[in-house]
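Two complexes, one shared chain (subunit A), two partners (subunit B, subunit C).
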Partner chain A sequence: MDLYVAALGFALVSASVIAIAAVGFTMQFGITNLINLAYGVVMITSAYVAYALNQLGVTIWAGLAAGAVCGAVLSYLLNRFLYAPFQRKGTSHIGMVIISLAASLMLTNVVLAIVGPTSVSYTQDPGPTIRIGAMVLTTVQVLIIGIAVLLMLVIHALLTLTRLGKAMRATAANPSLARSCGIPTGRVIDGVWLVTGALCGLAGTVAAMNSDSFAVSNGAGYLITILAAAVLGGAGQPYGAMLGAVLIGVMTELSAAAISPEYKEVVAFGVLVLVMVLRPQGLLAKVGALAPAG
Partner chain B sequence: MTYYLTTLAVYAGVDMIACLALSLQFGTSGIVNFSFIVFQAAGAYTAAVLSLPPDTANGGFQQYILGLEAPFPLPWIGGAVVGGLLALPVGLVVLRRLRSDYQAIAMLVLTVIANTVITNARPFLNGAAGLSLVPAPLAAQLDTGAVGYQYLYVAITAACVVLVFLIAQRIVDSPYGRTLRAMREHEVAAGALGKHVVALKMTIFVVGGVIAGLSGAILVGFIGLWAPATWLYPETIVLFAALIVGGRGNNVGAILGAVLVPIGFFEATRFIPPFGPPGLIPALEWVAIGSLIIGFLWWRPAGVLPEPRHVFPPTSPLGTIPARGRR
Partner chain C sequence: MGRRNNVNGLAANARPGLARLGAIALAAIVLLAACSGATSTPSAAPSAAAASAAAPTATAATPLVVGVLAPFTGPDAALGPAYFAACLPAVREINAAGGVMGHQLTCKQFDTRGDPADAVPAARQMVASTPNLMMVIGCTSDEASSVAPVLEQNHIVSFCMTGQSEFNKSSFHYFHRLVPPDEYDAYAMVGSALDFNHYQRVALVFGNDIGSQAFVAPATRALTKLGATVVINQAIALGQPSYRTEVTKMLAAKPDVIFTEALGPTDATYLAEVKQLNGSMIPVIGTSATIDPVWFKAVSAAIGLPDLLKYFQAVDVSTTFSGPGYDAFKAALLASAADFADAPKYAQRGATLHLYDGVVMTALAMDTAKSTDPAVYNPVINKIGNGVTGATVVNTYKQGVDALKAGGSVRFSGAAGLTQFNEWNNSQGGYILVKYDDKGGEVTIGQLTQDQTNQIIQAGGS
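And then the complex of A and B:
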């Protein structure tokens, strides 16, 4: 029994990491109507930027900020110079998926050419261990949970309280109507890529902090877990993605305790298939801030 | 040199068959089958376990199921059948209710997961190490090391290419092919005209699965080994790149793409003098494949040989039905 309680502790950490990533991913999809398959690679690239700083002796918390900046800049550039021109040309949904997959392949291999295929890990002090019943977590892991909760509150405030957030929701609901109402949708979408890119970079860095080591090849696994969480919650729904992240985090960690950690992604995939067969619109189809795309 | 050329010829044949199958699915019907390589792998594994002896042979150094030592045409037929059978459950899950971009990501994820499962479940198909020492077809009757055998293999492969090309051409020209194109252009309209779009998609998905299985069987019979590392998801992207370059929906374009991208491209880079750390050149090759896709979609989305316009002659004023024509 204690094994499962301990697994629940890890599940909270996992869910936090997935939530940060999945909220960014689902906002990109909800507002710009694009499935960005390069998301996992941008996460890994940001983790490596944090690693490079970490190797120079900078603390990992400064690296976390650098990862966020890297994710934001990279995502902005991807949209500005690749996705947006193709979307203006009227490329179909499916054409955009192929383009983002090609972009993912290119970025993966550029990073691979620079850093090589070997696994690396951060130099970090995990801090004193914190015990809550049978749950044993490091201070870093508790801080990751804190960061995730804080970010979720910030996203909620952004979407409901600020002008930018309201403009994002308007753009998601109906871009041409939003433009007619005087909302500069182009600048709003730039804002979306910067915000979601920062979430992506943060997620990549905390994911790497939470694991013993990471390599370029981890990007595909991240992407599967994020897709599962986003689709489970209802693609394009930030609150759905938060719910999906918690469910996927708990299920994958409990299955890792019960069966084997190698099959974590297989469990996530099983959930993805079940959702696609039984409820393709996701759990929160009618609730949430952003309308489903298409 | 002969061996190099015959190997190249067999690879080209396998890629042509695969591109033709993918062209039927992606080019003609608009199904973005990102899991294509899984069907090829299914065919290859099936052909391998059908032609291998039981796994206690060779000192039992690898574990796998079956091991039937079936005579020649059977492993290939088995590979094709399993490719088609696998398409049924995948198609039923993916092609029924989902939007096309969801279909694509579901199949992409399927490829990654199938690879993970096969890699980790060793007793099934020998896990990460993969199957090796797969006997070549007719190994008991012929000397597989001889040059003549190499030519024979090329000839059989070429025959398969011609057969698959004729089938693909027949499908594209038939009323069924016309319906597929109508579905690709406007699914809702095709449905409104009484076409059962799910049945149409399922049929072409299974046909593509059969051809993909056959291509895997041909490949494994020639190279004698098959492992998870040979069918990672980027391999499907190479085939997509071939179609986008050659011209999707055009069977001659699919053949041309197969010659230009997987064969021409990867063979050309073989002659570049090595530079940089190991792993740099393969990484740059993938970057180039990605830029090929993006570049062609931007400047020449229809490819080198665009899909022919299917125009039909007007009905004659006397009301007789003219012969079915094309172009």
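And then the complex of A and C:
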């Protein structure tokens, strides 16, 4: 029993990391209508930027901010100079997916050429161990959970209380109408890429902080989990992504405790497939949708 | 559900069918995962063109290519550079001696990504695009089973770094192996645990890739028959961000020692979490693949150098890292740093030494057979390795060429010493027990006696 309680604790940490990333990913899709397959590599690139600073003696918490900035800038540039021109030309959805796949491969190889295949670790003090029953977490892990909760609240506030958030929702619902109403949708889209890119960069850095060792090859793995969480919760639904992250995190950790760990992803994705069969629109599609997706 | 709920979601207008878009994305993700890591050579490894340019001036004869068919990307990306580092000094030495019958050699990388599904097209592409392919080195356990038939069909001489037991007695005539099968690696780990360190409770923590899983069954058999206990057997998914649940489960089984091979960032992550959740490290014994500069760097960064030096041991194929053959190899390897900056790091990597020997042996076989036709020179390779009556023992390619020109026959004793091929082109030496020094070099700490080795092999059922 203790093992399962401990696994639940680790699941909370995993879910926190996935949630930060998945919310950014699903917002990108929800507002820009683009499945950005370069998301995972932007995460790992941000993690390496934080690592570079960390190696210069900068604390990893400052590196976290640098990771967010890197994610924001890189995502903004990707959209401005790659995705947006193709979207303006009316490239099909599948065409955009392929373009983002190409961007992912190119960026991966650029990063690989710079940092090499060796895995690296942050210099960080995990802090005192915190024990809650059978749950054993480091201070850093508890802080990661705290960061995730804080970011979810900030995203909620952004979408519901700010003009930018409302403009984002309006743009997501109907960009033509939003433009007619005087909303500068171009700048809103830029804002979306900056905000979601920052989430992406933060997610990459906290994922690397949590995993003790990371390499360029981790980027693709991140993306698969994020996509699963986003689809499970309902594509384009930030709250759905949060729920999806928790479910994916819990399922992977509990299945690692219950059966052979090599099947933990199989179990998680098996549940994903089941949900897709029974509820293709995702768990929260109708609850939070502006348009009737489900 | 009303207005309040609606404002909290985001959904793009004119959204294409979600199911359709999801399917597209999932398909792309699969493709991305397959390509992850991805298609370029590591930064530290030069391109084939660079390696070629570094070679001495080419003659009019057609240059020949030594293909390095190995993972250069993906979780096992650390393996390819170790094999590329074997090719460069061999080619440098051969070219400096005038090439093989006037043919200059070059090294060329072919990335298998460590995946059998990617390896077959990589091998086919290599064959199709490289008509002057002299031989292939690399082919790890990740891909050897899938590429060996391709190489055999095309009569391509190969020296593979696979430990899979299916090659112990295979019908592949062009396949060669200078390392023992993985089960012997596993037996050496068992010997290290039981006879050298006197551990009794063993946790098996291996990556879920083909190559790493090859150790599990023989280790389990030998441990069980010799009275030790396998307290847990974990096949861990490579490249996961965390293994804390797996580590908690493993620690609950209270092992004395962990046997492991999980490459990429996996071992580093797993062992760091062992240290964190246990409060300190527990002893670890790695396979010969864990004696690797990339593994050393990753794990020492993750758990700290003092703990790596204190708690980690490994097994490696028996090499003395000395003698004239080794000295020649090392000199050429250090000179190759101009082409591949990381080359000197592989001066004490058994696989690098063995594959270097394989290239030089094949070149000498071609000189002996006076042919560039693999069907002609392939049968001669074993004669160069084992020697024939009256053969002169040579330690470098130039010595070999000079001896052949004098009308004699040669036996090559290279960087890793003498070889002794059996009828299935396998040459297997003994094992040593090793650990790292603080620079990542290999330090021999023991050797299993022949009696101990025989006892374990018998227990393992081989």
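Rule of thumb we're sticking to: the second predicted complex is superposed on the first by the 279 of 294 C-alpha atoms of A that agree within 3 Å, B and C clash if a C-alpha of one lies under 4 Å from a C-alpha of the other, contacts with A are read in each partner's own complex, and residues count from 1 in each chain.
Going forward, a residue touches a chain if its C-beta (ideal position, glycine included) is under 8 Å from a C-beta of that chain, and two chains touch if they have at least 3 such contacts.
Everything numeric here is computed off the predicted structure, so don't read it as measured data.
Participant: Aligned on subunit A, subunit B and subunit C: do they clash or fit?
Facilitator: Aligned on subunit A, subunit B and subunit C clash with each other.
Participant: Have a look and say if subunit B or subunit C is in touch with more residues of subunit A.
Facilitator: Counted on subunit A, the partner with more touching residues turns out to be C.
Participant: Could you say whether A:Thr138 touches subunit B, subunit C, both of them, or neither, answering first, second, both or neither?
Facilitator: second
Participant: One more residue to check, A:Val273. First (subunit B), second (subunit C), both or neither?
Facilitator: First partner only, subunit B.
Participant: Name the contact category of A:Asn109: first (subunit B only), second (subunit C only), both, or neither.
Facilitator: both
Participant: Which partner does A:Thr91 reach: the first (subunit B), the second (subunit C), both, or neither?
Facilitator: Only subunit B is touched by A:Thr91; subunit C is not.
Participant: Looking at the overlay, does A:Leu82 come into contact with subunit B only (first), subunit C only (second), both, or neither?
Facilitator: Touch partner of A:Leu82: subunit B, not subunit C.
Participant: Is A:Pro117 in contact with subunit B, with subunit C, with both, or with neither (first, second, both, neither)?
Facilitator: A:Pro117: touches subunit B and subunit C.
Participant: Identify the partner contact of A:Glu265: answer first if only subunit B is touched, second if only subunit C is, both if each is, neither if none is.
Facilitator: both
Participant: Applying the document's definition of touch, where does A:Ile99 land relative to subunit B and subunit C: first, second, both, or neither?
Facilitator: first
Participant: So which bits of subunit A does subunit B touch that subunit C touches too?
Facilitator: Shared contact residues on subunit A (touching subunit B in one complex, subunit C in the other): 35, 37, 93-94, 97-98, 101, 105, 108-109, 112-113, 116-117, 220-221, 224, 227, 231, 235, 260, 262, 265, 276, 280.
Participant: Hey, which residues of subunit C end up touching subunit A in the complex?
Facilitator: Contact set of subunit C toward subunit A: 1, 5-16, 18-19, 21-22, 24-26, 28-29, 31-33, 35-40, 42-44, 72-75, 77-78, 81, 208, 234-237, 239-246, 248-249, 252, 264-265, 268-269, 272-273, 276-277, 294, 297-299, 301-302.
Participant: Under the touch definition given earlier, write down the residues of subunit A that touch subunit B in their complex.
Facilitator: These residues of subunit A touch subunit B: 35, 37, 82, 85-86, 89, 91, 93-99, 101-103, 105-106, 108-110, 112-113, 116-117, 220-221, 224, 227, 231, 235, 260, 262-263, 265-266, 269, 272-273, 276-277, 280, 294.
Participant: Quick one: in the complex, what on subunit A touches subunit C?
Facilitator: These residues of subunit A touch subunit C: 2-3, 6-7, 10, 13-14, 17, 26-27, 29-33, 35, 37, 40, 93-94, 97-98, 100-101, 104-105, 108-109, 112-121, 126, 129, 136, 138, 156, 159-160, 168-169, 172-176, 207, 210-224, 227, 231, 234-240, 253-254, 256-257, 260-262, 264-265, 276, 280-282, 284-291, 293.
Participant: Quick one: which bits of subunit B touch subunit A in the complex? Just the residue numbers, please.
Facilitator: 30, 32, 34, 93-94, 97-102, 104-106, 108-110, 112-113, 116-117, 120, 233-234, 237, 240-241, 244, 276-277, 279-280, 282-284, 286-287, 289-291, 293-294, 297-298
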